Amino acid sequence: MTGRVDSRLAELGLVLPTPAASVANYLPYVISGSLVFVSGQLPLVDGKVTVTGRLGADVSLEDGQKAARQCAINLLAQARAAAGGDLDRVIRLVRLGGFVASTPDFTDQPKIVNGASDLMVEVLGDAGRHSRAAVGVASLPLNAAVEIEAVFELA
Amino acid sequence: MTGRVDSRLAELGLVLPTPAASVANYLPYVISGSLVFVSGQLPLVDGKVTVTGRLGADVSLEDGQKAARQCAINLLAQARAAAGGDLDRVIRLVRLGGFVASTPDFTDQPKIVNGASDLMVEVLGDAGRHSRAAVGVASLPLNAAVEIEAVFELA
Amino acid sequence: MTGRVDSRLAELGLVLPTPAASVANYLPYVISGSLVFVSGQLPLVDGKVTVTGRLGADVSLEDGQKAARQCAINLLAQARAAAGGDLDRVIRLVRLGGFVASTPDFTDQPKIVNGASDLMVEVLGDAGRHSRAAVGVASLPLNAAVEIEAVFELA
């Protein structure tokens, strides 16, 4: 039997990747009570950052949004692992923390992070609506254009 | 009957605004268990950012503090909505995350975020004392000088 | 009788400082349910920032890692206070939020924050493995090179 969210992923033509393992003394996620804290995810596909650089300099609005969407896909892959493989157990995306590599004069961070917010609602429905912060930072790991962390609530 | 915190707001001459609705696929706040996660608030008044620019360049210390204070007022408006209109249900401000648009040589972020911390204690008393982080970021949405997010605990 | 974590600290030759008091209307930590939210800690020793400046400009990778390690030591001092002096009550480090003062072209934030992650696992063992975010910011309070905040879970 396929879960509700898995069916939705299939409808959207989305395949969640094998969640990336951490390469240091931290973990991709930690469960505390009903909350899952997921580490900041980069727009990685097959271990490579797909969108590098800064908004306002060498990254277009559209590419920034794609980067945020990929971060969201990677967050969902971690959430699925945290939920023992069953995304239907995710009853709420509680919070997204969106960091956008930005020049000092780039101020459209919300449009960028919408790439992640929209994907979450596409996949999780109303359970994907979340609180969030979106800020412009000086630089990000591996020169990624976007990094997003999340807190999910499990049933 | 007027609540304790509402009385305090009146004493201070503060009127909380109608909380801003979100304009995208995210929410102004999410409640999970006894915690309320409030989205990053800008120094908006009537839908307009009141203090724009960066500390260290075109924003004075005093204006930065006013911006942080306005973020705090907007956080309280969201917290009141989350508490069903009754701020007396807020038993604790757990955390503030303060982001200050800064030049690389501006290092007084704590003084800026104090504008929010002080307002919280003025309004909520000891329940307003919180943990916090204060950092200097490259840029913020709508060119706001300050963005602050919060976690509150409800009774 | 000495606790397990205290013994480990002694083995490592680490002495946790007296936790710094906050100097404004915020607190070094807040406990909510089983979670302890610890305010962003700077690489302070005896009240002075030990590593100032930005990665990519005037701070070496090694000094950045030392700064992160010192932030972690200061986080543990706060966690011990929150746990009534008994670090054995810390059953999990849930999350680290790592902010690294960075030039736009510095992208090795993970290596810097590893200085904190490694210390946490050295001291707390598996309970020290955590989720985390690591980002590069424009500037930090007191010109510190690193600021790290944390969420711990208490038994």
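Chains here go by letter, A, B and C, matching the order in which they are written, and residues are numbered from 1 within each.
In this section, contacts are C-beta pairs under 8 Å (C-beta built on N, C-alpha and C of every residue); 3 or more make two chains touch, one makes a residue touch a chain.
Please read these numbers as outputs of a predicted model, since none were measured by experiment.
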Can you work out the rotation angle that lays chain A over chain B using Cα coordinates, in steps of 5 degrees? 120
Would you kindly state whether over half or under half of the residue numbers at the chain A/chain C interface are used by both copies, giving same or different? different
Gap in Å, rounded to a whole number, between the CA centres of chain C and chain A: 25
Multi-chain contacts only, two chains or more: what residues does chain B have there? 33, 103-104, 137-138
Where on chain B is chain C touching in the complex? 33-35, 56, 92-96, 102-110, 114, 117-118, 120-121, 128-138, 151, 153
Provide the residue numbers of chain A that touch chain C in the complex, in ascending order. 24-30, 32-33, 37-40, 54, 97, 99, 101, 103-104, 137-144, 147, 149
